[in-house]
Structures are given as structure tokens and as C-alpha cells.
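Two complexes, one shared chain (chain A), two partners (chain B, chain C).
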Partner chain A sequence: MSAISMRGVSYAYPDAERAALTGADLEIEPGELLLVVGTSGSGKSTLLRCANGLVPHASGGRFAGDVVVFGRSTRSHHPRELADVVGFVAQDPEAQFVVDHVERDLAFVLENLGYAPDAMRRRVEETLDALGIAHLRDRDPASLSGGEQQRCVIAGALAAAPSALVLDEPTSQLDPQGADDVLGALTRLNADLGTTVLLAEHRLERAAPLADRVVIVDGGRVGTPGAPGALLAGYPGAPSVTRLGRVLGWDPPPLTVRDARAWAAREPVDLPDPPERPHHAPGEVLLSALDLRVDLGGRPVLRDVAVEIRRGDVVALLGRNGSGKTTLLRVLAGLLAPAAGSVTTVDGARAAYVPQNPNSLLFEPTVRREVEQTLRLLGTRDHGDVDRWLDALGLHDLAARHPRSLSGGERQRIAIAAVAVGGAPVLLLDEPTRGMDSASRRALDRAVTQHAESGGAVVLATHDVELAARCATRAIVLGDGDVVAEGNARQVLAGSLFAPQVLRVLPPFLTVEEVERELTRP
Partner chain B sequence: MTARRARPLLVYTLMVVLGGAAFLYPFWLPSTAFSSQAHNGDAPLVAALVGALVIVAVALEVQRGTMNGATVAILGMLSACAGLLRLLDLPGGGSGIFFLVVLVGAAFGPRFGLLLGLCSMAVSAVVTGGIGPWLPFQMLALAWMGGGAGLVGMWTARLAPRLEVAVLAGYGWVWGFVYGAIMNLWFWPFARGGALDWHPGLGFAATLDRYWSFYVATSLGWDAAAAITNALLVVLTGAALLRTLRRFAHRLEPVVEFSPLDLEPASAERL
Partner chain C sequence: MTSVVQARAGNIETHAPQARATVATWHAGVWLVWALAAAASVQLASSPVYVALLVAIAALAVSAHARPGPYARAFPVLVSVGVLFAVVRTVLTVATTHGLGTVLFTTPHVVLPEVLGGFTVGGSVELPVMLQSLAEGFTIVGVMAVFGAFNGVVTHSELVQSTPRAFYEVGLVVVVALAFVPSTLAAIGDVREADRARTGGRVVRRGRLLRHTVPVLELGMERAVTLAESMDARGFARAGASPRDRAAGWWGVASLLALGGAFVALVGQSRTPAAVLGLAGTLGLAAAVAIASSGRQRARYRPTRMRRADWTVAGIALIAPVGLALCSIVGDGSLAWYASPLRWPALHVVPALALLPLLAPVVARRRGLA
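Right after this comes the complex of A and B.
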């Protein structure tokens, strides 16, 4: 018997003209880890929410077909009647706590299911160990890092000992370390406890190697599940090494750097070095900072940092959490006064800052009005740039939508458009790819490159080395408030332990696109 | 009207009738039965009954699946918001609690408005320390205001947003006076001796006449200020709040349509 079986599931949200899912058939075997991939708005989340009856019971709407979860049909069973067999984890860890105490938050789940106190005690202990969070038991979730929070949330979903876990992009709001911790915990649960896992992810570099099977959702249609390598090779959001394998004709395409290096050793690739990026030649200085020192809460966050931003620059600002990336952006934007040092802009060239959390910028009822609002506040009458930025970031089709009803990646793009439309030559983007699917990432790449080519400059504070590999001309690595490496993006990334995938397989290439270009060069 | 709706509806009706009776019964009491302090004896009873009815109503609805966890959570959250807004003490007796109850009632319907009125007034009493025999009566008056806003909202939802805000501002303005007039009844039948006071044996028309004089002399000025505050706050915040609240309205009462199981794939496409 399948763990979860979906037959002919079609579903439309209330008042929606188009169906979110059409004729979905899917059998999920007990104990397997099935990875669901697809762009934002593809129906991926809807499919996941069908698995425990949230669709249609919590959302309303028109529902056809049948979903049977361990023998119970969601037509007759509400999510609360499935809570003992399916656990559900959503994207944003902060939104999923009930009690401000980790251990009690776990117990809350069990109380609702009517566990006896001694059984509850035992379940809480075991669940804390299963996720490796016993040391966090007395903490307030608000004081934890994103990765720790999300593991506590998974523990909450696991406390009732469900046979299946459904996770909707559990790592998309986390930094790489947090994402690794969460996916590691999931793999352990799947391997050791035999928990069936249905996982939706955008970051396939980490998730794809863990999956038994992959299924692609596109435009409300659920494809046929299959082996990760073969299915993902043609998928635009696939890991770089998988796409590289496809370009070079490696079959089956690799999912990990290790596999890809084995291929490269067996079938050596002989290509000339890629040309330098066109905008490596530095233009005029737009913004320069000297000897910046910032102390926050009595602790030095930046120590004698010097930065120069020139026209045509796309600077990747790398470094672990707490290394001072965000602080540096805020100082460059003039939002934070340094304790020492100075920021000089040429001819009053402004620097505009897009913070990590796009929600803090979004207040208007439509995407277009959100972007126009910046111009209104600046007193600009000419709204021609609104369409230019909506186009650049691929937002035109969403212009009439409510920003808060869109996905995290889409909201991130709206925030960027709303800030960039103000016309500041220097754009400072803090962790811009957080929560972005491959379509959003491509739109961002395009907009960043365009802005730099038309004489602006962009600084990207990011954990996403693949973003740096695709766009950056220069890279700066911060460590504990110091600049520990700086220079040409290719050189800086090549010397790093956290180099992008393609660089680790075929140095000095940074991206699949560069390899493709050399292959097709006459 | 489905059967599973009927029982909660009965509880709500009981709540309204019982509340009305609590306000009006002193008019029929024999004059000897009066204590010097209004409702000192029966207020805890009224409070307990109203409180119990709220719990019964919510429990019935949750059990029947007509109200889900999200609705209860939003009721709690909005009650806290409205309760805290009571601290916004504006000149002339205006307060921040009323406009929010009107707007939420209009967006989420009479049932929700009624419950929000009861709960938010209870929260506000804890916040302001204003717990006393008047509390159950304030809760009932605000509940009627919220429930009424729900009925108005069912009709105004079809109007253009600006017109709807105008109608609701008018509703808030009127209720500035109505609320004051209802709340006076909490103590008025118990006051004795003054020219504007009531005494047993006064006919209906004479009672109304005397109450009107009492109202104009003691309350009209204050209530006018409250009415203006209500209207002003609805005008200022109405469009944005209604838009935001209505985005959630359909999630509160999800309506599911199931197609038959043996549906042909071809017709599923049309869905």
C-alpha cells in the first residue's frame, strides 16, 4: 500500500479562474524521500497541502479526485484527523511556534492529541534527541538561529510520531549552515526511523542528492516521478553540476561535486580558459569607504574596512553569519553611522539598500503601486522607470497582484524593484536570493547585470556562492569584521573552500553558461 | 439554514435576548426591591451567563466545524488589539475600541462582530482596570454594535469601497450616541429623587420623555465627541483595514465543493 496516494486530483482556490492542480496522480511509497520541484506558483505547495487535507479543508475551493493518506481519504478526514499520521512543516520557521519555550512547544502538540503525561514525557525526550536539539530545550525559539528554529519546528511535527512528514521549502529562509543542519536531520529521520518524507525545495544543490525520487510540478501538472539525475538534467533549477553534466553529455548526470569530478577524471574536458567578464575594467569611482569601524553592543563588528565601488562593478560580499556583511551595507547606505572612518560618494551618487526581509518594505495593495510609491515619495512625476524595473525583474505579469499574496522570491524581487526605481546608481542588496526559485534567480541575475552594464553598481551581500559565480565581477570576503580576501571574483572564489560547484569540477570556469559558451565557440 | 448552523444561532439569539432583559428588567421591579447601588447584586450573574454563552457558542461552532482554529485565533488576536485600543483615550470620551469592532464586524460578519464586541470589552476591562458591575453591560452593548456592523457589512460589501467606508463611518457615528444611551440604562432606573430620574409607575411615553431629557442633559455632549471620534477613525483607517481584513475573510469559513469521485479527467480540466 502507498503511504500517500493521489488519484486524479484537480483543485481550484476559491474565486480562482484557473485550477492550481489538474489531474494529479502520485503514489508515495512508505519510507521514501520524494523531492518535489517546480517554480513558485507551479502548484508545488498546493500539492503538498493536499497530502494532509489542508487543501481543501483549510483553504476552501473546488476539489476533484481523491487523496488517501495511510488508508484515510482527505475527503472525509480533516487535517486534525490526520495529524497523527502526517506532520506538516512550512517555509517560515518563526511563524510556526505556539509556545515561547522549545520543550513546551513540543508538548503542546501532544497535549492536543490527548497523550497521557508519562507518554508525553517520553515522546518529548525522544523527539529532542531525534533532531539533536536537546541542548535547546529550555530556550525561547525567538533566541535561536533560523536553522535551529526550523529543526525545533520539525521536532514539533515529529512529536506525534507521524509516519510521514511533509515539508514545504523548509530551508528556503535559512543560511547554508542552517539548511545543512535541517536537511541532515531529515535524512537521518528518513534513514533511521523510516519516516516517509515529501519535500519541496528550491535549493537543489543540497536536496537532490538526498532524494530517492523527484517529481516536477509545472503549471499545475504533476509529472511522473523518476530518478533525480535523469529527471533534473533538463530542469532549469537543477544543481549546477547536473546541468554541467547535461552540457558535457555525461549520462547519468551527476548530482554531487564528487560524482562530477569522477566524470571529469574519466572524460577529461579540454577547453580554453573563459574570457574575463566584460566589466572587469573598472569605471569611475561611485562610492568609497575608508577605515570604517563600527561597534554594536560594545563588540567590534567592522574593523578598518575599506571599500571602493566603481561603475560597472558587481561586488559579492561573502562571509558567514555575523561577519559584518549587513552592517557594512547599512553603513554604505548611510543608515548607520560608523564609529570611525568615512563614506564618500561622488557627485552625490546615492546608494539604495534592500534589506533581507522584503516584508518590511511592502505595504501597497498592488505590485505596481508598490513600485510607484517610491517615486511618489521622491516627488518624481515621470513614472517611465516603473515599467523598466518591472520588466527587468520579470514582474510585469504580477503587476496587478497583492504583494503579500506572492511567494517569498517574488516579494524579494518586488522589494528590489521598489528600491531600484528610485534611480540610485549604487544598489546594495542583502541576501537577495533568499527564498528565490530558479525563475526568480534568473530574473535577478539579468536585472543586476543590466544595472551594472548601464553604468550603475551593485553590491550583493550573500551566502549564495552560485549567485556570486553568475554575476559578480569582484568579491570581498569578510571574517569577523575584517576583509580577509578581496579581488577579482574568479580568483577569490577559486581560493575558497566554499567555491561554486562548477569551479570545483572544471576550474577556472564559474558557471555552466561559461562552459557552454566555450563549447559552442567556433 | 442548515441544521448544524441552527444550534449556534440559538445561542446567539439567547445572548441578545438575555442581554436586553438584563438592561430592561429593573423597569419592572417593585420599588422596594431596589438597592442603592445599581446591579450590585445581579452583575456577577449577568457576567457569568454572558461569559458562559460565549464559551458555549464558540465550543458548539468549533465542534460542528463551522468555526476553525484560525477563526478562534483571529478572534483572540483582534480582541487583544481592540482591547488595547481602549487605552487610546480621546478627548470627550472617545476611545479607539469602537471603530475596530465596527470594521471587523463589517468584514467578518455579525457572528464574529458579536463575539469580538464581547471579548474585546472584557480584555479592555482587564487592561484599564475597569472591572465592575458595569462590565457585562458594556460587553453586551459593544457586542450589539459589532453584530449590527456585521449585518450592515453584509449589505455594504457590494458597494464601492469609498461609499462603504462612508456608510460605516455613519454607522459608527450613530452608535457613538446609541452606545451611550444604552449604557445609561445600566444605572438610570436605579437613580432616585432628581427631576430627570425614573420612578416606578411612570408610563412608557413618560419614561421615554424623561430619559430623553436626562440623556440630553448628561450624555449628549460626551457621546457627540465619541461619535465624531468613531466616524473619523473609520474614515481614516476604513479603506485599508477593510481591504486587509477581507483578504482573510474567505479563509475563516472555507467553503469546499467536492466533485464526485468518478469524475472524468476531461471535466477535471475545466475546473
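Right after this comes the complex of A and C.
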């Protein structure tokens, strides 16, 4: 018997013209880890929410077909009546805590299921160990890091020992360390306890190697599940090594850096070094910061940091969580006054900052109005730049849509357009690829490169080394408030833990596109 | 379900979870009783000297028992809100009340048309009006200080855990709503900064309220939906309410209404209806709790119970309002203060001593805990 079986599932949200899912058939075997991939708005989340009856019970709308979860149909069973067989984890970990105490939050599902007190106690202890969060048991979830929070949320879903876990992009809001922790915990659960895992992800570098099978969802249609390597080879959002394998004709394409290295050893690739990136080094200085010191809550966050941003620069700002990246951007944007040091801009060149969470910016009813709003606020009459930025970020088709109805990646792009349209030469983007699918990432790459080439500059504070590899001309690594390394992006990224996948396999190439260009060079 | 669980536990010897206090403070029920006793004391002894003593006691409670976390700042925030409210109220009163005593100074004035009540706004600012209004405002500050101290020291989840079965859902909703306060405050900060960032640091005032409000509300909505789904997916309200739970719920609501009526009657100085309604409300509430508790107990993880020390301390705290009520019956003139004729508020030894029991949970520590 399948763990979760979906037959002919079609679904449309209330008031939606288009169906979110059409004729979906999917059999999920007990004990497997099935990875669901697809662009934003493809119907991934809807598919996942069908698995425990949140669709249609929590969201209403028109539902057809059958979903049977361990013998129980979601037509007759509410999500709460499936809580003992399916655990559900949504994207945003912070919003999923019921009780302000990790251990008690974990016990919430057990209380609801009416476990006996002694059984409850055992389950809580076991679950704390299964996720490696025993040391957090007495903490308030609000005080934990993103990765810790997400592991606690998973524990909350897992406490009742459900046979299946459904997770909707559980790592998209996390830094790499947090994402590793969460995915590691999932693999252990799947391997040791035999928990069936249904997982949706955008960043496939980490998740793809863990999957038994992959299924692609596209425009509400659910494909046929297959082996990750074969299926992802033709998928635009595949891990860089997989795309590299396809370009170089490695079959089956590798999923991990390790596989790719083995291929490269077997079939050495002989290519001339890629040309240096257009280096605008002698461009005029737009913004320079000297000896910046910032203390927050009595703790030094930046110590004597000096940065110079020139025309044509795309600077990647790297470093672990809490290393001071966001603080540095906020100081450069003039939102935070440093305790010491100075920020100088040339000829009133402004620096505009796009915060990590685009939701704190968006409030207009349409995308176009949202972007125009900035110009209205600045008192600019000329609205010509609105179309330029909508185009640059690939938002033209969405111009009439409501920003809040769009996906996280699309909202992020709207926020960038809304800030950039003000005409500031220096753009400061904080973690811009959070929650972005590959289409959004490509649009972002284009916009960033264009802005730099037309005489502006961009600073990207990011955990996404692939983004840095694709766009950056320079890289700065922050560690504990100090500049640890600074220089040409290729040199800084090479040989560090921050190295992108392609660089690890075929140095000094940074991206698949660079390899492709050398291959096709006559 | 239970049978499955027991089968899973098999022959292994297992132990029922014990209550385990994570912080060295009193049970949430003690703080609830303390807060009610202190708030009642503010009402009974509204003279500024006694209110000042009560504010000091509340501040002591916070400094000795404050818990880390988002509510640590509840005390200063709520006291500030109280002060703001008192000041606004004083300004309004002074501007609209005239002809009662010594004039401090005179401002330009407007006489509102008869339709709007015919008040004179502005004009003479009089000393007794101002002092009386400030004294009344100070009692508001006192109540806010007590409420702030309560939020600063109490474990909210423990409070819900201790509610009778019938009120569990209601209590949970309240706690979840409370948890939205700190996240909303954080969202407001983010939205403000995003708004400034958008214009490269330039502050644009026009339309700012809308720009700041909409994202905060929408963020709140999205969080609420996520939380509701998370609770549903974790089996919340799976068992449904039994007829007994519903009966207890209705009894509880009716009793609370009666108590509300008693309060209104008290404000309106009609003693007999107040006493009748108050008694009925109290008895009804006790009945509701009894009905709710007699049913099948809800499975609880590490239930926390009031221990003997908790009951003792709560009982001691209750002595304060009882003592003040006795002082009031005996006719102690220092409890209330009036600005006309003008005199200093008096401090009498007996009412001051009556406030001391409120220090019990503040100075005493639960034994056996760090």
C-alpha cells in the first residue's frame, strides 16, 4: 500500500480563475524521501497541502479527486484527524509555535491526541533526541536562530511519531548552517525511523542528493516521479554540478560535488582559463566607509570596517549569520549611525537598501503602483524608469497583479524594483535570493549586472555563493565584525568554504555559463 | 488512541511526568491573585501616597521576578502608556472644567455650540481641577503598573495550563494573541525602516500611516493563518467539546457577565444590586469550574499545580484588599484624597501596613528552587 496516494486531484483556490492543480496522480511509497521541485506558483505548496487535508479543509475552494493517507481519505478526515499519521511543516518557522516553551510546544500534539502522561514523556524525550534539540528544551522559541526554530517545528510535527512528514521549503528562510542542520535531521529520520518524507525545495544543491525520487510540478501539472539525476538533468533549477554534467555530456549527470569530481578525474576537461570578468576597477568611487564601528546591545558588531564601492562594482558580502553583514548594509544606507567612523558618498550619490523581508515594504494593490509609489514619495514626475525596472526584473507580466498574492521570490523582485527605481546609484540588497526559484534568480542576475554595467554599483549581502559566483566582481568576507578577506571574487571564493560548486570541480571556473562559453568558443 | 500508546509502551517501566519549574518563581495562579489583589487595593486606596506605595511594590516584583523574553519590557511600556493616558486625560479635564477654585493662569478659549454640549474649551486653568485630575490619573498609572508587573513576571503558558478544561481553548487563544504583540512590535520596526530605505533615507510624512499600517496588518494576518494551520495539523480541537464542557462554558460566561454587572453597579454606587450580582457571579464561576473539573481530564504534559506554599502566599496577598476594605468601612479618611479643600494627602499607619501583605510573593522565594 502506498503511504500517500493521490488520484486525479484537481483543485482551485476560492476566487481563483486558474486551477492550482490539475489531474494530479502521485503514489508515495512508505519510507521514501520524495523531493518536489517546481517554480514559484507551480502548485508545489498546494500539492503538499493536499497530503494532510489542509487543502481543501483549511483553504476552501473547488476540490476533485481522492487523496488517501495511510488508508484514510482526506475527504472525510480533517487535518486534525490525520495528525497522528502526517506531520506538516510550513515555510516560516517563527509563526508555527503555539507555546512559548520548546518542550511544551513539542507536547502540544500529544496533548491533543490524548496520550497518557508517561507515554507523552517518553515521546518528548525521544523527539528531542531525534532532532538533536535536547539542549534547547527550556528555551523560548522566539530566542532561537532560524535553523534551531525550524528543527523545533519539525520536532513539534514529529512528536506523535507520524509515519509521514510533509515539509514545504523548510530551509528557504535559513542560512546554510541552519539548512544543513535541518536537512541532516530529515535524512536521519528517514534513514533510522523509516519516516516517509515529502519535501519541497528551491535550492537543490543540498536537497537533491538526499532524495530517493524527484517529482517536477509545472503549471499545476504533476509529472512522473523519477531518479533525481535523470529527472533533474533537464531542469533549469538543477544544482550547478548537474547542469555542468549535462553541458560536459556526463551521463548520468552528477548530483554532488563528489560525483562530479569523480567524473572530472575520469574524463579530464581541458579548457583554457575563462577571461577575467569585465573589471571596472578604475571606476569612480561612489561610496566609501572608513573605520566603521558599531555596537549593538553592548556587543561589537562591526570593528574598524573599511569599504569602498566604485562604479561598476558588484560586491558580494559573505559571512555566517551574525557576522555583521546586515548591520554593514544598514550603516552604508544611513539607517544606522555608526559608533565611530564615517560613510562618505560622492556628489550626493545615494545608497538604497532592500531589506531581507520584502513584505515589510509592499502595500499597494498592484505591482506597478508599488514601484511608482517610490517616485511619488520622492516627488519625481518622470515615471520612465518604472518600465525599465519592471523589465529588468522580469516583472512586466505581473504588473497588474497584487504584490501580496505573488510568491516570495516575486515579492523580493518587486521590493528591489520599488527601491531601485528611486535612482540611487548604489543598491544594497540584503539576502536577495531568499525563497527565489531559478527563474527569479536569473531575472535578479540580469538586473544586477545591468545596473552595474550602466554605471551603478550593487552590494549583495548573501549566503548564496552561487549568486556571488554568477554576479560578483569583488567579494568581502566578514567574520565576527571584521573583514576577513577582500578582493577579486574569483580569488576570494577559490579554496574557501564559500566556493561555489563549479569552482570546486573545475577551478578556476565559477559558473556553468563560463564553462559553456569556453566550450562553444571556436 | 490511548490503547495504542499503552501497547507501544509495552512492559517498559515508565514514569508519569512531574511538574518541573524552570524558573524560580511562584505559580502563575499566585501572580494572578496578587495582581487582582493589588488592582483592588489601588481602587480601595486611591490616595496618591498609597498608589505610590503600590507602584513601588509592583516595581519591586518586576526587579525580583522578571522573566527573560519578550515580556520583560511589559512593565515600563505599560507604565508609560498609563502616564500618557493620565496626562491626556488631565489636559482634557483642565481645558473643559471651570469655576471650581484658584486660577493658575488663563488661556484663550472657545465656547462650543449648544449642539456639541456648550462646553468652554480653554480659558481658566484651575489648581484644584488639575490636582484632582492628576490624582485620578495616577490611579490609572497604578493599575497599569500592576498589570505590567503581572505580565513581566508570569509564565503565560503556565497560566493557560492552569485554566480549567472548559476555558482551555479560550485561554490558548488569549496566549496566542499575546504572543502576537512582540512580533507585531518587531514588524512595526521593520516596516518603518523599509519605508525610510525606500526613499534613500528621506522621510516622507504624507500617507505614512497607510504605508506603515498595511504591511504590519498583512504580516499579522499571514502569521495568524500559518499558526492556525499549524495548530490544525497538530490535532488541535480533535476531541471536540463534550456537553459538559459546553455547559461549563456557558455557566462561565453568564457568571462573568454577572460580575461585570456587579462592577457597573458598584461604580453607580448602588450597593445592594452590586452585592447580589457579585455573589451570584462568584458562585456561578465556582460552579463552572466544578462542572468543568468533574469531567474527563484533558491530557496535560507536566501539569503544574499550586502547591501549599503557593496557596499560602496567594492567601497572604489577599489580606491587603480585605484590610483596606475594613479601613474603608471603619471610615479611614486617608484612603481617598480630594483636591478641594486643598491639603496634603495623609499617610495613616494602618492602611500602609495593610499594603504590606502584597510584598509576600515579592520577597519570599519558593523553597527548593534555585
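Annotations for the structure displayed:
Convention: the second predicted complex is superposed on the first by the 517 of 522 C-alpha atoms of A that agree within 3 Å, B and C clash if a C-alpha of one lies under 4 Å from a C-alpha of the other, contacts with A are read in each partner's own complex, and residues count from 1 in each chain.
Just so we're on the same page, contacts are C-beta pairs under 8 Å (C-beta built on N, C-alpha and C of every residue); 3 or more make two chains touch, one makes a residue touch a chain.
Computed from a predicted structure; not experimentally measured.
After overlaying the two complexes on the shared chain, residue contacts for A:81 are found with chain C alone; chain B is out of touch.
Of the two partner chains placed by superposition, A:257 touches none, neither chain B nor chain C. Legend: residue contacts after superposition of the two complexes on their common chain; A:354 is shown touching chain C, with no touch to chain B. When the two structures are aligned on the shared chain, A:155 is found in touch with neither chain B nor chain C. When the shared chain is aligned, no partner comes close enough to touch A:286: not chain B, not chain C. In the superposition on chain A, contact is made by A:58 with both chain B and chain C. Of the two partners chain B and chain C, it is C that touches the larger number of chain A residues. Within chain A, the residues touching chain B in one complex and chain C in the other are 57-58, 78, 404. For chain C in complex with chain A, the touching residues are 1-2, 5-6, 8-9, 14-17, 22, 68-70, 156-157, 161, 172, 175-176, 179, 182-183, 187, 190-191, 193-202, 204, 210-211, 214-215, 218-219, 222-223, 226-239, 298-302. By the touch criterion stated above, chain A contacts chain B in their complex at residues 8, 10-12, 14-15, 19, 22-23, 56-66, 75, 78, 365, 402, 404-405.
Here chain B touches chain A in the complex through residues 65, 68, 70, 243, 247, 250-251, 253-259, 261, 263, 265, 268-269, 271, going by the rule given at the top.
Chain contact summary for the complex, chain A toward chain C: residues 52, 54, 57-58, 78-81, 83-84, 86-88, 90, 92, 94-101, 103-104, 107-122, 124, 138, 140, 142-143, 153, 156-157, 160, 330, 333-335, 350-355, 357, 359-363, 374, 377-378, 404, 418-419, 422, 424.
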